[in-house]
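Working notes, structure below.
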Amino acid sequence: MDLGNVASLSLFYPEIVLAGTIILLTILDLVVANKRAMAYLGLAGCLVALVATVDLYGTESTLLFHRMVALDNFSLFFKVVTLAALVGAIWMSIGSGEVRQVHLGEYYIVLLTCGFGMFFMASANNLLMAYLGLELVSLTSYILTGMLPHNRRSAEAALKYLIYGGVASGTMIYGMSWVFGMAGSLDYAAINAAMGEAGGNQVALFMAFVFILAGFGYKMAFAPFHMWSPDVYQGAPTPFTGFLSVASNAAGVAILIRFFYPAVSTLGQEGSWAFQAFPALQWTDLLVALSIITMTWGNLSALNQRNVKRLLAYSGIAHAGYIMMGLVVLNNDGLNAMLFYVVVYLIMNLGAFLVVMIVANATGREDMDAYRGLAWRGAAFPAVCMMVFLASLTGLPPLAGFIGKFLLVAAIIEGQFYLLAVVAMINTVISLYYYWRIVKTMFLDEPAPEDGPVAATASAVPLLGALAVLTLVLGVYWAPLLDYTTGSLGFFMQ
Amino acid sequence: MTEHVLSYMVFFPLAGMLIVLCLPRDRHDLIRWVSAAATVPPLLLGIGLYVNFDTTTTGMQFVQRAAWIPAFNIEYYVGVDGLSVSMVLLTALLSFLCIFASWNIDKGVKGYFALFLLLDTGMTGVFVALDFVLFYVFWEVMLLPMYFLIGIWGGPRKEYAAIKFFLYTLLGSVLMLVAILALYFYSEPNTFDMTKLMDRSNLYSTEPLGMWPFNVWGWGFQHVVWMALFIGFAIKIPAFPFHTWLPDAHVEAPTAISVILAGILLKMGTYGILRINYPMLPEATADLAFWFLAALGAWNIVYGGLCAMAQTDMKKLVAYSSVSHMGYVMLGMAAFNTQGINGAVLQMFNHGTITAMLFLLVGVIYDRAHHRDIDGFGGLAGIMPVYAGFTALAFFASMGLPGLSGFVSEVLVLLGAWPKYHALTIIAALGIVITAGYMLWMMQRVYLGPPNEKYRDLPEINGREIFTLFPLGVIVVVVGVYPRVVLDLLQASLNNINQMVISHLS
Amino acid sequence: MDHPVQTDFLRWIVLFPLLGAAVNGLLGARIQDRWGERAVALVACAPVSLSFLFSLWAFGRLLALPAKERFLIDAFYTWIPMGSFSVDVAFWVDPLSAIMILVVSGIGGLIHFYSIGYMHGDRSLWRYFAYLNLFTFSMLLLVTGDNLLLMFVGWEGVGLCSWALIGFWYHDHTNTRAGNKAFIVNRIGDFGFVLGIFLLYWTLAGQGHGTLAFREIQEHVGLLADIQLWGIGVATLVTFLLFIGATGKSAQIPLYVWLPDAMQGPTPVSALIHAATMVTAGVYMIARLNELFSAAPATLGLIAVIGAATALFAATIAVTQNDIKRVLAYSTISQLGYMFLAMGVAAYTAGVFHLLTHAFFKACLFLGSGSIIHAMQGEQDMRQMGGLRKAMPATFWTFTIGVLAIAGTPFLAGFFSKDAILWQAWASHNEVLWGVAVFVAGLTAFYMFRQFFMVFFGECRADHHVRDHLHESPKIMTWPLWILAAGSVVVGYIGLPPFMGANLLDGWLDPVIHLPHGEHHSVAEEVGVMSVSIAAAVAGVAIAWFLYYLRTPSRDDSPEAKGVAYRVLYNKYYVDEVYQFVFVGGTLLLARIGAAFDRYIIDTIVDGSAKVTTIVSWFNGLFDKYVVDMLVNAVANVTFAVGNNFRRVQTGNINSYLYVVVGAVVVALIVKLRYWN
Amino acid sequence: MAEYVALLADVGLKHYLVVSGILFALGIYIVLTRRNAISILLGVELILNSAGLNYVAFSHFSTGQVDGQIYTVFIIMLAASEAAIGLAIVLAIYQLFATIDVEATETLKD
């Protein structure tokens, strides 16, 4: 069902709510002196949008605004993820000492705008819309990264991010232009139809797809397009880093799936959910290679990392590699696992950054030494929660991270990519080493005399507890989430 | 009641852990007693299990199953047969005793006992789980508490030992996960139900794979999966060359944790092979048993024994003796006859009790002298005669002296192995000389000879320590004199497992 | 034989001493503290006495039965039921084991009583008696067990007790080392023994009669006839392996080395374990399985040779020793060699006969030496003794009887039994072995009389402290001596040579020992052979008379002053040193290599303690600063190194980041063009 | 002149694509080699514009619709905002580092 501009608005209210919040905040920023109120307002706006999104969930799949934007359970799923990440980020920001230095009004406005861009990344059904969404997210991200005043780290990170992002998205649209030229249309369905007829220069097509992959890959931070991420993670304010690590990744996954499935795959037999890549695009092989390189590169680089935020950046790269595994099998199970992992990753990674923030608030440091004997310095609760998150990131049962990995590995083993599975598992073992160095530092090392007590930021504790409990609960009883992700795969309409 | 008995055994300690977590940090004694109380019900239920166990049937007993994740056909499915019931009993007993062996822990008491109880749940769970995912979850649940128990409460090199243990085990278990999933998707309809997979053992292809190097070795899907599982289990056993985590972990771990490690965790390796590799992948088992079970087992026996002989640290010596003794288990199960396989499992049980005693005994002396250097003592028999008596019992049991439990299992293993592997049995039988060598040598240096003046006033073993040692000593003697108390449990199930493989032997 | 008589009292013969051991072992310290030594002694001696009475009862029951049906069994319970392999805990008494239980509980009982006197004043008397009882239990189990595995239990049990008793005074490492040596050397023998058990069981099982029960083994020996393993007859192989066990337990070449050192234990222990009972276990085992051994002539030949060689070897060493107990120890080894010689020529009855007589006179000699040592306040060097006959008349006379018996004085026990063996060796046409045995008989007479003269005659060479306190031992120690001495005289008459009367022992053992029917020999031949051995003995005595009676030995008589041959003998042919170097040293070397391998090689591979420059992946050649070292395979090091190199890619320079992007795209293009088209 | 016009009439899709390709390559070359942050931003602009040129050319020669032109308009717009943000950041860099050489901004690494 395709809807015109006006008719579309009735199914567009989550975006409208969010946009309204942004506009409201912009106006209020001019008049309200108490900028903390802006945070609560933004939080409220996100929650309303969340309710709206959940309300829309289950609506019949529809194309809005003359096929520019897709409304289906898939996009709604990612909107929920984005909103959840926004809620978490705003909550974190309220307690963050770093964020207190910046212009709070602008900060929240830009943060919400970034989330707004992600909405379009998740729902774009047209190359133009995809580009716009991606750029909206990129531009706001540059700003947020560089927002810390008089901070060389932050400015440097922003500059690198900007240049890298500019080149990546430039490369991407250059590739897109070739696709446009060959398919004669920007619409995904039309592209798919044109591709199905084959023809054209196969090498040019392949290169165009590699260029596009560079753009998407930079968003999702997979190797070798990940190099911005450690620097940016380290330079940006911690709440935003947390947001970036989960939401940017999720949006990257969304845009990747949306592009690769409806645009460049053929659906197998009716209802079987089996796909085939177009023969000219060996992107199964390509993605297997990328996935292996990504997880290995990320994990190996993290091994000797002393800065925890940077370490988590590399870990994020490795996780991008894990998530990519779901893409190679070309079926429902793989996608399902990816979606599941995105949620799990959101929970555990946000939690980990929350602890990083708590420690940074108390000590002003992010390096490993700041965590020495954390559990014995009055911060036992954050330490235990951190341990849970790290164990979950490693993939130990009975935590959510294990289930995520379990589903991914199950999917690739079902697809008989045994090599990939073994590599992924060995990577898990490697990752244990660096995650566990943090745990070791927190629990096994004695605090040095100069290490003062760490008081957990009061506002962060409830969120921390909630995330830890969720990590545990989803590790034991994950059927509901799996049902939800399964239900969210409804986007394959013609 | 009978339906839930296993679940109670698994989750009582977990409930205990939750209670412990709610107790005030400083009430050390309260925490200890609550922990002890949490391990009593599993022990009592275990005794009930023993009494009510039907030794004539090969099937699973005390089964409980419930849907868990329907989308993947994952169930909460627990049950025991002869193989697992002996291990469950051992777990219940050692967990109970180890609470008392941990009584003098006074740093972070709350955390220690909470983790210990979590560990208990994991261990019991592994032995009763009949669903692969459940099995794997319990398998991994043990890692975390174990890491902390070694890492926080351990000796000087605790951090190294803890992470080494963790890394090794995780490496093994991730390979296992791949294998489990491969089994799952290969089965039709897909299932994680272990009993169903056992019934369908001929399902898995043994056609050589085209990929190098499997085409050269003639390995099929079944062999590759077997190997992936085996590596996971071999690390736990620990089989050469995956054994180097063991001496480190044992030496650094606090006494009770060494006991748990050696007494129960090592058994999971061989348990897994018997529970999974044998019935589900019988053809690969038949093909690969010679090199990877029998030869490696014999090598373990001799190699572990020789390494033990060179040690100067008592705990390390005992640790290497475990490597040696677990070799008997591997050799026995590779014999594919009644004697061998029953001997192997009996050896698992016996090693659990004997090594537990040994570690407890080393712990007793370490608590008093604060070192474990074999050459740093002398003449302890005169200073602590009761202690020396228990030590002698444990040492002789470990040496396989007739009348004590170790003898029965070692004889059965070697007897079983003989018809199939003459040369390996001869090599393995060398173990009886080597074991006598290092055990007696250590005994001589530590307990005999002129008393060391420095330790003339060491207090005799106290009531609590005797309480932990006495039940094990009784078991060691009773099983040695009347091994049927354990053997009768095992036979039906093990012979059944054995039969599944035998038909594939060439 | 076909209808064993079921009884239920045989178990008590075995279990009484176990009870005693348990009571003394668990509560002995308290008993000794509260009620004194006598209570402990009572707890220990009573069960052994009861065992002896029950043994007599069993003997009586056997006597009452017709010769062919002399067989009592007491099936206690099934020990290890394991498919076709089923082992019972069952005790049996037949004519052969009846002799053994009488010897073990009888002589054992005497030694228990003797110990009360000898060990008087020891604070750990309870421990001593617990061990002694446990030993008696194990030995009785060994001889009454109805199957090989149960015999093996006793076999190991006596080894354990031997270890404990040799190292009884554990404060001195000389003792504990001797104990360990005994145990470990015995374990080497056991290694062969268990393998023999396995081979026997499986071969029989292969024929459909898997069993370890002696009676059934005897029945099915024929099944082994044509089976081979590694080109050797199974019967030969099995008996060979079992014989390895016997060389350990019965101190034959090459595993005899532990026995002389075992003299570190209290002297009654030496008498009981290392003379009368335990060391004869190997002989008993062969006699027990005589049909099996008869089926393996090659093994028998080996046994005969080993036996004769051991007899000679030990006797030559005994000639030079100065320690009173060591002389007896080597003499024991030598006498055991005789028994094995007998076994080897299939003269099982003669072997058992010598076992029996030897038990009496050797126990008598050992206890006598104990009495002497007691009087000499622990001194064991014969050069310090002399002239003791006046101070210790009872000991002197009993010792004299013992010496006469072992030296082969006609019409004493040793004479008959040794002569039976010599005759059998001759009669089975092993003239060389016979010659060796005769020569050894001469040597035996020589070294025993050497000892006799050095100890009892001449002037007392001890210092005056000892000399002034010389005294006869208490009654509790002398009356066992008299009993044993009496036995040394009379026991010989149960096994008279055919021309002197009825051989009772032959008749008694006939149901269980199946002797090949020998050819007939003339009385003259027998008498002639006998005369030769008597002559040899006389020669030996004469030489001893010249060397040690007429010439008083000096108290500082140093072996270093003697010739090379003397020194070699005195130092026991340096066998201990060689063994120490080759076997003990070798094993320890292996152990250290193993441990080092573990520590350095395996751990290095795994966690890379070696500091080496490592590999750089091809990947980041642009930023490569490392030297490639292909030889390194330290996994973790490589992992870390690669990790660091990956990290090094992150230079912080934005241009270089973009190089990676462009590089990746170029690589993708190359791959596409080169491989995927 | 006329022959130039005739020559122009011969200009087809390929020519545009070649030009845009050259532009793209130049842009890549610049971002790889320049150290001055402003220069690098210019390189990015070149890349963006090469894509824009492609869109217009494809739109004109193959589809005949205006999709491509619209896309190009958006590219120009986004390039402008990116330039604005970029310049702001470069300004901040200059304040903090006193240079806009990207070799100076290498504190975040490893």
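Labels for the chains are A, B, C and D, by order of writing; each one numbers its residues from 1.
Basically, a contact is a pair of C-beta atoms (placed from the backbone, for glycine too) under 8 Å apart; a residue touches a chain by one contact, two chains touch by 3 or more.
Bear in mind the structure is a predicted one, so any value in this text is a computation, not a measurement.
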Identify the chain pair with more contacting C-beta pairs: C-D or A-C.
-> A-C
Select the chain whose centre, defined as the mean of its C-alpha atoms, is least distant from the mean of all protein C-alpha atoms.
-> B
Let me have the rounded angstrom distance from the C-alpha centre of chain C over to the C-alpha centre of chain D, please.
-> 96
Give, as an integer number of Å, the spacing between the C-alpha centres of chain C and chain A.
-> 76
Centre-of-Cα separation between chain D and chain B, whole angstrom = 66
Where the CA atoms of chain B average out and where those of chain C average out, how many Å apart are those spots?
-> 36
Shared-interface residues of chain D (touching two or more other chains) are 28, 31, 40, 102, 105, 107-110
Residues of chain C that touch two or more other chains: which are they?
-> 647, 650, 652, 654, 658
Could you list the positions in chain A whose residues touch two or more of the other chains?
-> 159-160, 163, 167, 171, 230-231, 305
Each pair of chains that touch: what are they?
-> A-B, A-C, A-D, B-C, C-D
Provide the residue numbers of chain B that touch chain C in the complex, in ascending order.
-> 164, 241, 243-244, 247, 303, 306-311, 337-339, 342-343, 379, 381-382, 385, 389, 396, 401-403, 407-408, 411-412, 414-415, 418-419, 422, 425-426, 429-430, 432-434, 436-438, 440-441, 444, 447-451, 482-484, 487, 491, 495
Residue positions on chain C within touch of chain D in the complex are 647-648, 650-655, 658-659, 662
Within their complex, chain A touches chain D through residues 127-128, 131-132, 135, 139, 142-143, 146, 150-153, 155-160, 162-163, 166-167, 170-171, 173-174, 176-178, 180-181, 184-186, 230-231, 234-235, 305, 310
Give every residue of chain B touching chain A within the complex, in rising order.
-> 68-72, 133, 136-137, 140-141, 143-144, 147-148, 151-152, 158-159, 162-163, 166-167, 170-171, 174-175, 177-178, 181-182, 184-185
Within their complex, chain A touches chain C through residues 159-160, 163-164, 167-168, 171, 202-203, 206-207, 210-211, 214, 224-225, 227-228, 230-231, 282, 285-286, 297, 299-305, 430
